[in-house]
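Scrolling down, you'll hit the structures one after another.
Look for chain A in each of the two complexes below; its partner is chain B in the first and chain C in the second.
Then we have the complex of A and B:
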């Protein structure tokens, strides 16, 4: 047991190191640099520009040799300092991210969990009901196959413009300031609904289709046939099939949960929702090395943590992985 | 006692009906172990399964089955549930994968018994003795199926299937996946189960006649969906009457014969496809004794007590 987790931990640490290194490298491969980008937004004369250029380049540490930038990056990272955002200068990246994360979690956590629960249960029912399978499953296929941004825009257009029941942009109305009042909370919920609903629908279709296929497969498995031959009630056979079919869905859920902090980039762009996805797009457009690094760092940590958690959960729910574990330790 | 009368079961496929079992009639006495043998695809598994779980694409075309004088509702999936496991049970061909991989064996057994509304306490107590009979340690109940070896799983399923002391046990190719030593052990355990009244009559499906010679009281030979011959084991081995049985038995290796000197013979030809089987006796094409009359289906008649044959050359004319 200890050996298993020790080995896993080592692999995760190694992955973390490599991923963070790539995270540091990638923005620097882009042509141009953040300082040039910042200066392009202000109109000053050339002498002032060259002074500012020098000042900012030094401030961001971009005048150092690359290897030293890299070492400084790790040193700061281990101290919890992600640097200063160039795009939202002079806010520190950590603060920018912390402001965005609550929106992501509030949007994605319910969307992912609820769609997982509903999709799996619906898929399991659809697997044994011809009628449901022929009517609702095709809708699931269409939903999953639809380009998401198109669906999002369609929803925004229909509910926001035609019916005019939901706002289509922002996390709350511009006329309100964040307070703990019913009016504000209601407003936030109203803004939250469309992005949530669009995510829910698309993921629901995916889970339902996966579960439907898994259940059909499990009901054809030998252990199901054996129980049938022994005249076991359908409820028992279905329960066993569900328990077996849900295992691969669990790993899928873990991967989804891992990218929560990454936000749903397209959703947030379509609905102008101020999560990390929205931020990441802005960061890339402005070549903000530090903000890009910060966003990706959260994604890396999220994915690794989720995988680690699911490794443990799997050991708890699936005896077969447990055997592999002791087998390797022996 | 089991009576099968004119049982006919077809497979419904896109290309048409596959006539896998045609007009099967035989009886099985109390405590009898009947070997059911034949080539692959001759319908022996179809016969076994149709007695317990006649599910699509299998369709019940005709005939009936009586168990202790009571007719079984073969085609009614719901009504049959009352008989399954309680009266009729099966050790499936796929015993290696027959148990839910993510449940401990003991827990699964309990859940199954509870779902069947059996007396869980008594049966679980009996289970301990049964495990001893097949030489499995009590600890297996706390293990997952994957933690057992193939032979252990086979024996575990054997115990599971016979927990409620069924009247009829169908053992479907239970020795096929095992090595010769385990084959012998498992088949002897089956005989002991019968002797200890863990099950009453047994239908032992196999293509290995030498195993049957050791454990079966009688043997039923099938060919291409039709019954060919049924008699006591001794009679089938030493005095077979159906030409197919004769060729089959003569193809078995004998002790004391060196097959480097004399090649082992087979039966020339191939089994017919059952999608569109030939009229009359289905063995006609390969039969050395075939004559005009074989274009009609020969009846499965008793030529002497306990010995039935479906062949025009036997039965009425000969004897």
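Then we have the complex of A and C:
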């Protein structure tokens, strides 16, 4: 088990190192001058512009030798300093991102957990009956083929415009100010539901299909046939098949994280939901490079943390990794 | 002789597989639409053809017009071309890189395997979209080719991993040992002994990569990092959101591009399941 975690941690550390290096490398070796581009989008008078020009050139550290720029970048990063946002000047990027994080967590955590649980259980049931399989599988395939933003747009159009039962923009109504009242909480939930639901649905389709296919493979495995020959009840065989099928679904979740996060980004754009995705769009439109780089790092850190949590859960549910046997190739 | 018979058997099941038929049919429809659609329209994708602005679908504008009076049908068929171009290039690059690394790691083993494995795991953990974002954000001019190369170069890890596992299980088989004993080069053994025996696997990898590239491109386009000099399905959706298609109820602007993507990717998945049944007799009865 120590070897398992050691290997995983090494990979994550290397990944983080590589990600930070990419984050440092890209602005410096891409064609064009990021500082000039960034200032071209900010409309300020010329004296302020020249001050900002100097400030940002210094902040990017473009006047120093490369190795020193790289070390400074790491030093700043470890101090939690990701620079100043140009679009929300003069707020520091770290603070801007910290304000957005709660919305992402509120959206992603329930959507990932609930869709995974519901999808797996639903898929397992679907594998059981031919009728359900024939109706559920095609729907599952269509859902998982749907681009996240398109489902979001359709839901916003149908529930927000045609039926007019859900708001389609923001995290709460402009007329309300954040307070701890039932009215406000209800309003937040109302705004939260559609983005959550569209994230949930796309993932749900994928998990249901995955579980359905895994169960069918497991039921063909030797142990299932052996149990069957022994006369074990079907429900028992199904349960063993389910337990075995959950493991690949768990590593599947780790592999899917990047795609899910990307899905959340575009869903937030559709619903103008003030998480990282929404910030990112604004940052891109305003060429706010520090904010873009900050978003990149936050996404990487989030995905790495989630991966680590999944690793721990994997050890908890798979006795083979717990006893030091290699259950899952690292 | 035996190989020929086997091929016929696959063809027999392939032609009778409903999932494969439906998938291929849908893909063929969209390929034809992308190829000949532009001949059916008199407009250019960005031309302001309708001076009164947005109108619903009619005989004159098959899928209506945008907020600015651009013809949506023209944009969609041109966007389909872009989508297929990105998908072919992106998935081609990803599959090639995946094959190269997967074969090398699986066949050679040892320290090379270790290095490739670590590299694969690292790229696997990094969210592809985040890397695409940061690169695309710094590019002032973005072309379709550039987008496909970026997508291809970030999408290979799981292909490499899967191909490595397959190669690993094949390399100790008798016929591979035979080839090695008769002094064939590693390159020849990989491409004439190992690769043909996992052809079905490679085809299915390519199909999944194809779908993945389409979805990745759409996401990138939608967040504002799409090609700067072309139209694509993701860009149509982005423009529709930017110019209030939702608020004004211009459904004809955002429904067709998303529907096209969903149908194409769905058809690819369906083909994949169909092919799985064709190549894997155990699944056929289902």
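Methods note: the second predicted complex is superposed on the first by the 252 of 330 C-alpha atoms of A that agree within 3 Å, B and C clash if a C-alpha of one lies under 4 Å from a C-alpha of the other, contacts with A are read in each partner's own complex, and residues count from 1 in each chain.
Everything that follows uses one rule, which is that a residue touches a chain if its C-beta (ideal position, glycine included) is under 8 Å from a C-beta of that chain, and two chains touch if they have at least 3 such contacts.
Being a predicted model, the structure only gives us computed values, none of them experimental.
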Which of chain B and chain C A:240 touches, first, second, both or neither: first
Which superposed partner A:221 touches (first chain B, second chain C, both, neither): first
More chain A residues in contact [chain B versus chain C]: C
Which of chain B and chain C A:154 touches, first, second, both or neither: second
A:145 touches, of chain B and chain C: first, second, both or neither? second
Touching partner for A:232 - first (chain B), second (chain C), both, neither: first
Contacts of A:318 with chain B and chain C, given as first, second, both or neither: first
Chain B - residues contacting chain A, complex: 49, 52-53, 55, 80-86, 89-90, 92, 94, 97-104, 111-112, 115-116, 144, 146-147, 157, 161
Touching residues on chain C, where the partner in the complex is chain A: 118, 121-122, 124-131, 133-135, 137-140, 158, 211, 215-216, 218-219, 222-225, 234, 237, 240-241, 246-247, 249, 251, 254-255, 257-259, 261-266, 268-270, 273, 282-283, 286
Chain C-touching residues of chain A, taken from the complex the two chains share: 11-12, 14-15, 18-19, 22-23, 26-27, 30-32, 34, 37, 141-142, 144-150, 153-154, 156-157, 160-161, 168, 216, 220, 255, 257-259, 261-263, 265-266, 269-270, 277, 280-281, 283-285, 289, 292-293, 295-296, 299-300, 303-304, 307, 330
In the complex, chain A residues that touch chain B: 221-223, 225-233, 235-236, 240, 243-244, 247, 317-320, 323
